[in-house]
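In this document, chain identifiers A, B, C, D and E correspond to the written order of the chains, with residue numbering beginning at 1 in each.
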Amino acid sequence: MQDTLAPLTIEGQFLLHQMFRVRWEPWKALSPEARRAVAEEAAAALGEMEELPGGASAAATILGHKADLMLIHFRPTLDDLQQAELNVSRLGLSGHLEAAGSYVSVVELGLYEMTLKLYEELEGKGLKPNTPEFDTLLAEELSRQRERMRVRLEPVFPPRRYVCFYPMNKKRGEIKNWYAEPVRRRAAMMREHGLIGRRYGERVTQIISGSIGYDDWEWGVDLFADDPLVFKKLVYEMRFDEASSWFGEFGPFWVGLQFHASDLPRYLEGRTPGFRPPSG
Amino acid sequence: MQDTLAPLTIEGQFLLHQMFRVRWEPWKALSPEARRAVAEEAAAALGEMEELPGGASAAATILGHKADLMLIHFRPTLDDLQQAELNVSRLGLSGHLEAAGSYVSVVELGLYEMTLKLYEELEGKGLKPNTPEFDTLLAEELSRQRERMRVRLEPVFPPRRYVCFYPMNKKRGEIKNWYAEPVRRRAAMMREHGLIGRRYGERVTQIISGSIGYDDWEWGVDLFADDPLVFKKLVYEMRFDEASSWFGEFGPFWVGLQFHASDLPRYLEGRTPGFRPPSG
Amino acid sequence: MQDTLAPLTIEGQFLLHQMFRVRWEPWKALSPEARRAVAEEAAAALGEMEELPGGASAAATILGHKADLMLIHFRPTLDDLQQAELNVSRLGLSGHLEAAGSYVSVVELGLYEMTLKLYEELEGKGLKPNTPEFDTLLAEELSRQRERMRVRLEPVFPPRRYVCFYPMNKKRGEIKNWYAEPVRRRAAMMREHGLIGRRYGERVTQIISGSIGYDDWEWGVDLFADDPLVFKKLVYEMRFDEASSWFGEFGPFWVGLQFHASDLPRYLEGRTPGFRPPSG
Amino acid sequence: MQDTLAPLTIEGQFLLHQMFRVRWEPWKALSPEARRAVAEEAAAALGEMEELPGGASAAATILGHKADLMLIHFRPTLDDLQQAELNVSRLGLSGHLEAAGSYVSVVELGLYEMTLKLYEELEGKGLKPNTPEFDTLLAEELSRQRERMRVRLEPVFPPRRYVCFYPMNKKRGEIKNWYAEPVRRRAAMMREHGLIGRRYGERVTQIISGSIGYDDWEWGVDLFADDPLVFKKLVYEMRFDEASSWFGEFGPFWVGLQFHASDLPRYLEGRTPGFRPPSG
Amino acid sequence: MQDTLAPLTIEGQFLLHQMFRVRWEPWKALSPEARRAVAEEAAAALGEMEELPGGASAAATILGHKADLMLIHFRPTLDDLQQAELNVSRLGLSGHLEAAGSYVSVVELGLYEMTLKLYEELEGKGLKPNTPEFDTLLAEELSRQRERMRVRLEPVFPPRRYVCFYPMNKKRGEIKNWYAEPVRRRAAMMREHGLIGRRYGERVTQIISGSIGYDDWEWGVDLFADDPLVFKKLVYEMRFDEASSWFGEFGPFWVGLQFHASDLPRYLEGRTPGFRPPSG
């Protein structure tokens, strides 16, 4: 197994995060009727997107001046994502929003453990990477895994009030360089990293998406929790593990409140929007 | 005790700093009556926020072009913080402000000393971290501490004229990496750091808030003093201690004059607003 | 052969990438007739540019807020590129676009292998670099290669739906410095890098352009594929090879959907534009 | 004497630098009478500020697109500085200016030599730092020095045509770290640095101000000279001394022509404003 | 000779580069007559500046979105440069331009060889630097050199179609630090660097200007050539020499087409402007 081996990954739905500032002043200057019409059109459109089978959208407020509103879209293809973006731009509300950020990525399961196991197994049989036989067996196994993990590849939005999004890289410094670490070392660090995540497993839902080739950082991380202190506790504790302390580079953090499309009009009238976890 | 142990922390109220530029030109173009009405609405709303039980707000000017006005909100939940932000956006004054910065964080007491003591004690009893028994005893002790430190977790705004705010990180370089220092070393550096702070204790009131997972730096620091030279003396002296010289990374500094909501109209008419420390 | 030898390169057509945001609000406010007229004028002009003999242009959407629309122009001279840029600025559509990025470069074939071979051969004959005889033989060989590689120097746009563009540098750090690596080491690293590319050869079409002296990064990379996951797989796998892990520095990534000029009006009406690979 | 000792400093007047772009187009669109009225109001107000006893203001043009106009205010308190900023915002001219930069600082004399001498003396007497007796003697000496150096603490604007302003830091890298250098090494480096300054003493007037805790860099440097080549010669020569070569980090440079308030109208009509050094 | 010796330099004319974006939309909305009047006024004014004795100006297009138009002004004093900038701001065309960049510098000849020679000679005579006798002899020699090099200190614009401008620094890293290299090492590196330049001497005209104390980088470089590929070849080849590979830091690159003022109206009508090298 080559030290420089890239881990196998399985990809799921494509993601677009859209961050907007609301232009409150012209918005407030509209008549209440005009505001209601615009808000209801947007709420209805987002409401449909929340329910889209095979790919949905969710809304959240964002605290602070970086943005007011965040939309997260899951879609099966980049073309669908493009259409989602165009659909938002068609809304009357769009004229009262200002793009303040975005992120393009794809749900990604990084399979360090399985990569080691599979390469050991196939190389144990005397097969060589990048040969047709090796690649066929690899593809078959990945296909089995993809089936097995389907639920995590087409995630639904966790019914949790608070959401935190940030992009990140693995450092490629002049001394500390994730991509120059041997694959077994990387796998060991990711395992330790995963152990911390597992201890928080009940309190936080995490969606990792890959963005190499799509956006300016390498991964996007979405966290959902019922208690926003959990974000701080988790990210702080992880910052001490080796994968993060030496190799994690973090972009901007966006934090806010997930809410249902039907409460968008309430939000647009200046009241913190509500959130009702789905019954059942 | 693992070298990578994260210190225990206790969290208090959530904080939102909002920095605004005033759009003086359209403001000056209003009639004096219009200005008075807008200013008084804002002063009344901020006045109420100053007095909010269980979480208040304060106002300060900011010197230089980065901002003119800073609002600091303490609130028990992120939802309350979101509502505070929305309330400000509803003011007529909001149409004459331009968002120039913000910071989302939560009052944080970092308990390096207690962490060492408690882990030594519990491990001395043969208990292991991340076991139910260990975690229960930890939680009980944290709960006792939280009670004991309640006053510092729900801070009131110090009645001091000058305010200085800045965000900061602990460095994670390729050689110097706070998060890779053993917990006892980190505790020792924080102790030394704290000694300097203590010598300035009477001249400056400090509020530390954590923002890992909430904003783009790891901590926010608010300093309040009766003499602004104290800010420079304190921050300069601290810059030589090891925790800062090798490991401190500092964001933008915002400095200005705290003032009472009732003097907002005076400020908006171009006069340095007054500050009356509360009687008693 | 000097360690600091620069590789020989052959240059082809000049490139201009233009990234635009569409100002949807004023656009939507136009009458359908006005929109149609503007869209058709732009579609016709771009359609002609798509068919330009000896240098063409292509259009793509861009996902996310960094841009909505990207135009890529290939032209034989900088003067032609300047005229292409001016032509776009003359379109009625231009009034609804906002420049959000650009990149100036020239198609470049880096010939590390040939450089080594040629220098070895000429130096083997006792010739010295930077002498008239050496330079003449070098120029003759380059001229032969230029002829042989003409097709790659005047590339046509690959009939593939997805496009990814990013600029990059070779690192000149204080420890890791591409430009201080001996030419044989550089050649070896580029060879390894090329092997990965070759394995993806059927799934992705790559156009490398040089921009030293023209723009803020050293190279631009255009990737075209029928499956956008290939971008991530390729760039991720390459990130582990030595030329990238230690020496690659990457700028912003722009990803989107290539489409034909005739579908521009469709796009401007808010529908994901179509793409028909040329028949045959 | 601890290696980490901070040098003693004496502070004088507070400083605000304000950099503005002039919005020439709406300005040129005013009638000559309107321009004259606005220009004369501003010239009169700045003229008064030039003459303020105990703290004055000066004006300069700035070359290039970073700014057109710079105002420098010296004032005894932050409150006065706030009022100066508000006064400028009240001018009719303010509607034709756009804030393009600023800097908040306080005149600072860094006393490395005296710090060494005094600590040696007091420690020689067996006194210990941070004890009441030590601190009292220190305070008395500082007070004497403050009296002795009063002229440099309340500087007047040097009657020299050219002005150059830039902010700077002392580096805190992972290897080279000013704040981790022993105090005697720092003092030696500052002495060497000062020797160069002294050789330029007649050709350039320098005002150093400290901004730790006030603005985003640690110090501000104002240089005034009759010949602008002196700025380049001085700063270039200093760049080779150890305090600068290894430890200096420099922010943006602003360079321009000092002029008297009475020539502001001339400048606003598009002619390079004049400068008359005060008679006597 | 001290290792930290700064090289002697001779300065010539001051330079201001101004980069502008053209606001095409309002421009296109003008009537053809209005456009013609504005364009002709600007062409006439620039035409006069092209012919200014003792300091001239030139115009170039810039490719890509960073700018559309670049003006370069050579003038004997900063005051003249300020007046040139004000003159441009008076043009009617100015209302259709948006400042997108600028650079302030002074033509500089760096005399590493002469510095070594002269210091060796004077120190050989037993003279000591920074003594009146030494300084007098130095000044006399510099004065002789200035006379001898007058032509290069008051450069005229080379009659070459393509222009490339970029600013640069010499690195002051924590390991690699140009300013900490001994003067003889620096001289040797600059000599090697110069040899490459000399090989390109016939194909490219280079103007180096110093900007320490004037702008945010240390030097500005203007290249002029008849073939824009020469820019890439030259800058790429130089990037491998030691002075650049370890010590060069490069700012943004601006590339475009030099043109004569008389073709400005043509450019403003959307056609690539022409360039006629002066007859003779």
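The working rule: a residue touches a chain if its C-beta (ideal position, glycine included) is under 8 Å from a C-beta of that chain, and two chains touch if they have at least 3 such contacts.
Every value quoted in this text rests on a predicted model; they were computed, and no experiment measured them.
Engineer: Applying the touch definition from the top, give me the chains sitting in contact with each of subunit B and subunit E.
Structural biologist: Output, common partners of subunit B and subunit E: D.
Engineer: Identify the chains adjacent to both subunit B and subunit D in the sense defined at the top.
Structural biologist: Common neighbours, subunit B/subunit D: none found.
Engineer: If every step must land on a chain the current one touches, say how few steps get you from subunit C to subunit E.
Structural biologist: The fewest touching-chain steps linking subunit C to subunit E number 1.
Engineer: Between subunit E and subunit D, is it the same set of residue numbers doing the touching on each side, over half shared, or a different set?
Structural biologist: different
Engineer: Based only on mean CA positions, could you tell me how far subunit A sits from subunit E in angstrom?
Structural biologist: 47
Engineer: So, what's the distance in Å between the C-alpha centres of subunit C and subunit A?
Structural biologist: Using C-alpha averages as centres, the distance is 29 Å.
Engineer: Among the residues of subunit A, which are close enough to touch at least two other chains?
Structural biologist: 174-175
Engineer: Treating touching as the only link between chains, describe the layout with one word: line, ring, star, complete or other.
Structural biologist: Here the contact pattern is a ring, one closed loop where every chain has two partners.
Engineer: Given the touch rule defined above, the chains close into a ring; going from subunit C first to subunit E, what order do they follow?
Structural biologist: Start: subunit C; next: subunit E; complete ring order: C, E, D, B, A.
Engineer: Over in the complex, which subunit D residues touch subunit B? Could you list them?
Structural biologist: It is residues 4-6, 9, 11, 14, 16, 18-19, 78-79, 81-83, 85-87, 89-90, 94-95, 99-104, 106, 130, 172, 174-175, 177, 179-180, 210-216 of subunit D that touch subunit B.
Engineer: Quick one: in the complex, what on subunit B touches subunit D?
Structural biologist: 21-22, 24-25, 28, 61, 63-66, 162, 164, 171, 173-176, 199, 223, 228-229, 231-232, 234-237, 239-242, 244-246, 248, 252-253, 255-257, 267, 270-272
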